[in-house]
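Across the two complexes that follow, chain A remains constant while its partner is chain B and subsequently chain C.
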Partner chain A sequence: MSIELLLALITGAALFGVGVYGALSQTNLVMIMMGVELMLAGAMVNLVAFWRYLHPDNPAGQMFVLIIMTVMAIEMAVGFGVAIARFRAKGSVEMEEAAELKG
Partner chain B sequence: MFFIGFFGLAAVWFGIVVFRTFSMVRSALALLFSQTALGAMFLSMQAEFLGVLQIMMMATEMSIMAIFMVMFMMDPGGLGEMDMTHQKRLSLGAGIVSFVAAVAVAVFVDWGPVATVVPDAAQQTIDLGLELLGRSMLIFETAGITILTAMIAATAVAIQPGANSTTSHRRRPVSTNNPLDSGMRRNDER
Partner chain C sequence: MNLITVAILAPLSTAVLILLLRRLPATLALLGIAIGLLASIGLLANAFNGITNEIILPGLPDLPLRLVATPLTALLSTLVAVVCNLVMIYAVGYMKLDGEKLRFFATLLLFAAAMQTLVLAGDWILLLAAWELIGLSSYLLIGFWYRRPGVTSAATRAFLYTRSADLGLYIAVFILIASAGSSDIATTLNTGGGTAVVAGLLLLVAAMGKSAQTPLHDWLQRAMAGPTPVSALLHSATLVAAGAILLIRTAPMLPPDTLLVIGIVGGITTVVTGLIALGERDLKRLLAASTSSQYGLMLVAVGAGVPLAALLHLIAHAAIKSSLFLGAGVFQHSRDGTAFTQLEGAGRDQPHCFFGFALAALALAGIPPLSGFFSKDAIIAASLASPNALMLTTFALAGTLLTGAYMARALHILWRGNSQKHDIVGLGWMGAGLAGLVTLAVILGAAFPSLETLLNESLSGNTLAQVLGLSAALSGLTLGWFIPMQRLLGPLLPWAQRGFAIAGGVDTWVVRPAFAIARSCEQLERGLYAAVLGVGRLGLGIGRAVRYSDERGIDGLIFSLVRGTVELGSRARALQSGLIHREMAITVVGTALILATLLVALLI
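Right after this comes the complex of A and B.
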């Protein structure tokens, strides 16, 4: 296995780990979204590395990266919509105060 | 290889800074730098289109995020050094376990032969365009429709309940002296 592929995969793993920590440890909705963004970024690095080092002749690998970018944009749009609604209703986007949303 | 390692390290470092600083604006900027470093990493992996797209998209996305940070946070400057975390030990454990598991998969799986030749940037863009408008067209169109739906849904959620509705209980009292209000009432009565 090439060192470049390993470096890219380790970078993706580290970004995913940092994102998991952020998404679980933060109490603010916007900070939680930042954690999710980092997790998606980790997945994106892996996809680009797989395309570049394993199947550069197949553009479907790049297409998957575009799908991840779409998911990031959707997460931002919906997350900020929820944040605005929450802030308007309760004056805060602290998720510890949102226990009533539990099912 | 040097640039891949350097930009990868920068992306991870700025990703860690996101959760270490008290200032929310600095957090958003650190995330912007992390994503930009990833874009530079894509460029050094010869994925030119994706690298440029990543940098352009994330620059706008993180700028919007910084604005929302200032709007919603109690202490966006971080001067009060408020601790806005919980279950730190569990989160740290989960982060480390997921990192170790992903690295173990990366190291121990046999990924097969590594390609050395990559199509040039123009050919990559042509191939991607043909892929998006050919074999993967349904997926691409579905992504577009999903973004549109998410935008409409986010706007619908964010609109103040009854802001433009004439049936809401939050409607302000109609004044007959205000021509705008009387016009609204006439519209209501029709």
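Right after this comes the complex of A and C.
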């Protein structure tokens, strides 16, 4: 394994760890979603690193990353839609207050 | 309207009228029976003039119902009507104090109508119907005082005895109709050969039941439980006479073998029941036994091949025996009972009645010039001329002797003793009926020659028969008057008083087995019932068990599954807090655990 790959994996892991921490520690829906984005970004860094250094001739890795980015964009759209609706109804997006949504 | 219709329907419609109006039963009854008598006399007059009245009614297909007044049937019809009239007049007095006149007179009229139908019936089917009707109405009349102890059992016994003997008539009638192809009595009389023998014997069985011949004579004495006018009617011209009438009417058909059997049965009966009468301790029961004995004599005459002699004796006996019973009824009212211990000297209370009673008794014994002498003489002459002269004559003479003895004994008891004066309600009516019948009993003998010309037969007079009969009668009377019954009967006495144990024999050999069969059938029935009930219970039990297992078992299983699922759901629900952080933390920790496990698995 090359050193570049290792560096990239460490960066990805760091990104993922920051994302997990953010998702767990924040109470605001927007902030939690940003944590989740960071986790996904970490995962994508890993994917790209593995493609770039181990299988550069196989385009499947690139395609996979592109699909994840699309999914991320959709997820953001849905998440912000929910957040806006929640804000309009209750005036806040604090997730501790949203336990009643479980029905 | 045909006279036959009037003779039958006058009593019947009066009975209905009495039941509908519910008043004046005696007057209406006398009126109805008198109209019937006029019609019967008209029939007899027509018969004398050679006119035969006949009615053909629609009956079964190809078997029309016929009513026909031949000289014989017209004569019998007149006899029945006359006796019914006089008995009815007597009954008006006898029943003066009874509370249920309506029922009594209506039933008596039904009885009269049924008997007229029986004698006038020209075919077997109508005869069977009338035969059953007189059985029914005699049952009702014998059981008239049904509240008194023992009366219903006497009535039932009479009904069952005659009813079981009737089976003979049924089978005989079926045989005759089947072999002749017609139900007309006159046509079936042409039957011959083996069929006639069998049918004749079966008819004899039916006649034995109705005419109380040995061994079926027991019911007649018990039937004394009914009112006395009923006894008089039963014994003289109706129920009991039906058996003899049946044999007289079918006599032309009967072959010699059957005739011999009839003669033997009649002979045995006349002796056995004569002895029973001699040992009897009750006036009405004595007269009942005497009736059996006299019908035995008639059977002897039929057996000797001279039914005309039997017919004449039937007619004479009808008048005599009803007079005797009517006299006995007067004594019964005078002393409140008919046992000889109560009746000692009763004749002195009512000398006029006793005179009539004594005349009738002498007529029954066969003393000239009373009617019984001529008829008995005819019977003895017939048996002398028959092929079995020795046996039949012995029977006839023994019967005559016994008749004299028991009648003399009854007269003796009624006359010896102290007079007690009692007022009797309705004596006038009773006396009128009695007087009419006694007159008939006395003078009927004079009418016999014209009856013979009517029936176009003649009886040969026989001096030997007259001498034999008269000496037997006189010696019987002397014995009965002067020698006490205990000495006369000697060792036979206990037997005679117990009816020669024939009733007991019938009880043991017929009634008990019948009861045993009935009981075992009942047991079987109960067993079947219990088995059916058991099957039902079993089904019910299975049903209950199935329901239980359905409700508690299968349903319970499903319900517990449902409940378990619901409970599991509510438990799992507790995990769903709705708090995102906690759930994310659980996810992270869970993932970490999985990773750690993988790591450990990889390392090991």
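As a convention for this text, the second predicted complex is superposed on the first by the 102 of 103 C-alpha atoms of A that agree within 3 Å, B and C clash if a C-alpha of one lies under 4 Å from a C-alpha of the other, contacts with A are read in each partner's own complex, and residues count from 1 in each chain.
We take it that contacts are C-beta pairs under 8 Å (C-beta built on N, C-alpha and C of every residue); 3 or more make two chains touch, one makes a residue touch a chain.
Since the structure is predicted, the reported quantities are computational estimates derived from the model, not experimental observations.
Of the two partner chains placed around the shared chain by superposition, chain B is the only one that A:66 touches, whereas chain C remains out of contact. Look at A:81: by the touch rule set out above, it reaches chain B but stays clear of chain C. Of the two partner chains, chain B is the only one that A:56 touches; chain C does not reach it. Counting residues of chain A touched by each partner, chain B versus chain C, the larger count belongs to B.
By the document's definition of touching, both partners, chain B and chain C, reach A:96. Once chain A of one complex is fitted onto chain A of the other, the partner contacts of A:13 are limited to chain B, with no touch recorded for chain C. When both complexes are overlaid on chain A, the residue A:48 reaches chain B alone and has no touch with chain C.
When the two complexes are laid over each other on chain A, chain A has residues 20, 24, 27, 96 in contact with both chain B and chain C. Listing the residues of chain A that touch chain B in their complex gives 1-22, 24-31, 33-35, 37-38, 41-42, 44-45, 48-49, 51-57, 59-60, 62-63, 65-67, 69-70, 72-74, 76-78, 80-85, 87-88, 92-94, 96. Of all residues in chain B, only 1, 4-5, 8-9, 11-12, 15-16, 18-19, 24, 27-28, 31, 34-35, 38, 41-42, 45-47, 49-50, 53-54, 57, 61, 64-65, 68-69, 71-74, 84-88, 90-92, 94-96, 98-99, 102-103, 106-107, 110-112, 114-115, 117-119, 124, 127-128, 130-132, 135-136, 139-140, 143, 146-147, 150-151, 153-158, 160 touch chain A in the complex they form.
Per the touch definition, chain A reaches chain C in the complex via residues 20, 23-24, 27, 32, 95-96, 98-102.
For chain C in complex with chain A, the residues that touch the partner chain are 576-581, 584-585, 588.
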